[in-house]
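First up is the structure itself, then whatever we jot down about it.
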Amino acid sequence: MAETHTNNADFIAVQNEDFCLAAEYAKLCENNSSDGAVVTFTGLVRDLNQGQRITSLTLEHYPAMTEKALREIVHDARNRWQLGRVRVIHRVGKLALSEQIVFVGISARHRGDAFAACEFIMDYLKTRAPFWKKEQTENGEHWVEAKASDQQKAQQWK
Amino acid sequence: MAETHTNNADFIAVQNEDFCLAAEYAKLCENNSSDGAVVTFTGLVRDLNQGQRITSLTLEHYPAMTEKALREIVHDARNRWQLGRVRVIHRVGKLALSEQIVFVGISARHRGDAFAACEFIMDYLKTRAPFWKKEQTENGEHWVEAKASDQQKAQQWK
Amino acid sequence: MKVLFFAQLREVLDCDTLVVEPEVNTLAELRAHLQQKGELWQEYLAEGKALAAVNQTLANDSTPLSEKDEVAFFPPVTGG
Amino acid sequence: MKVLFFAQLREVLDCDTLVVEPEVNTLAELRAHLQQKGELWQEYLAEGKALAAVNQTLANDSTPLSEKDEVAFFPPVTGG
């Protein structure tokens, strides 16, 4: 597990281990009476993707680049919105059905900033952070294809 | 505490007691391998509102109407987006600094639906659900004034 | 007809529930009727200042009323 | 110059790291140079098919290259 603090309020991790939403939420809230809004996103391994039944998936990444890419995305988000704390965790390795893949948690004074930044970070992560999914199905395994809809979502933030 | 299930996948509660994010998240996820995205919003009592230092607040509501109003808002959200499970909890009574006020949690197949519905429910709740906040400050207490920005946010969904 | 008041309205008018049987057909008429009760009622029940619900659903001035309805007046909501 | 390949590209080209010293000044030139290695390289390194990063930052064909750079080629990303 590798951790990087881009500033006191940011936490970015790329790791094999699972994460705990309650612990992440506690870190967003504790001794933080100035933020009235906390938004979290959790991405999980779902059973069906593009019509195929998934049994598990394997996440590969480019270790030297992943944290740097995530850090840049968080930095971008901070330039756009007034944010309190930001926590991003992305898992790599083999993940079973329903396992947690990714977490983005944001605290902010106001909810609009927290919602926008959380969705922005996910949209950018999906198109700019060097992770690749290989899905295992009953009929063998295959690399997941990038979705045009993810490109479009990311472009809407321009 | 009053609970209402508008359908198997909805949970709506208006209550004095605190809630636990981890428990809510577990209920959004358990035996739910079809949803790949979970978005949660938590609203907390912040120390500063419209320039005044807050020590606590009291939430009054219209008991016969609150759950009905929340149910209608969730129903609206379900008509707009493809959602899995929806959980909404709003507390009433006296709340100290940093206490949790409101929770909205959504699971969905895709993250776009979960983000949009979660923010929509909060924006509508802020303008349509009969809750009123009275803030206690060092200089006495006062009713919170409705914000024009909340009206504008709700109107943007039309 | 039962009329309820909440939050600041309840405090200012010093009234949480009123049972009235006025000859009114719409929310606008009930509002006007209640506004005759005094200066504070006149001011605080004004449209735009007080929201209203009929049978626990947000209503507007043209909403029809009948005897058994529960009507509520309250300030713009501030939950969440 | 170190060149890395990830995911499907690594598998198809059967290559995860390459150390090369070509006479190239831009990413476009490196791409063209590597595409000469064979049909699969030609196909899978095509612009639009493979993304590239120079020193761990997303790059485009006009990005300048120097000897000490770390270059990576990979398919469009699919994390999250």
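So that you can tell them apart, the chains are marked A, B, C and D in the order they are listed, and the count of residues begins at 1 in each.
In this text, a contact is a pair of C-beta atoms (placed from the backbone, for glycine too) under 8 Å apart; a residue touches a chain by one contact, two chains touch by 3 or more.
The chain lineup, named per UniProt: A, B = Molybdopterin synthase catalytic subunit; C, D = Molybdopterin synthase sulfur carrier subunit.
Keep in mind that what you see is a predicted model, and the values were worked out from it rather than measured.
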item: Contacts common to chain B and chain D (chain labels); value: A
Chain grouping by contact, computed as though chain B were missing: A, D | C
item: Cα-centroid distance, chain A relative to chain D, in whole angstrom; value: 26
item: Rounded Å distance, chain A centre to chain C centre (Cα mean); value: 48
item: Intercentroid distance (Cα basis), chain D paired with chain C, Å; value: 70
item: Residues of chain A engaged with two or more neighbouring chains; value: 43, 122
item: Sites on chain A touched by chain D in the complex; value: 43, 59-62, 64-65, 68-69, 72, 90, 101-102, 122, 125-134, 143-146
item: Touching residues (chain side chain D, partner chain A) in the complex; value: 4, 6-8, 53, 56-58, 70, 72, 74-80
item: Chain B residues touching chain A - in the complex, by the definition given at the top; value: 20-22, 25, 29, 32-48, 97-98, 109, 111-112, 114-115, 118-119, 122, 153
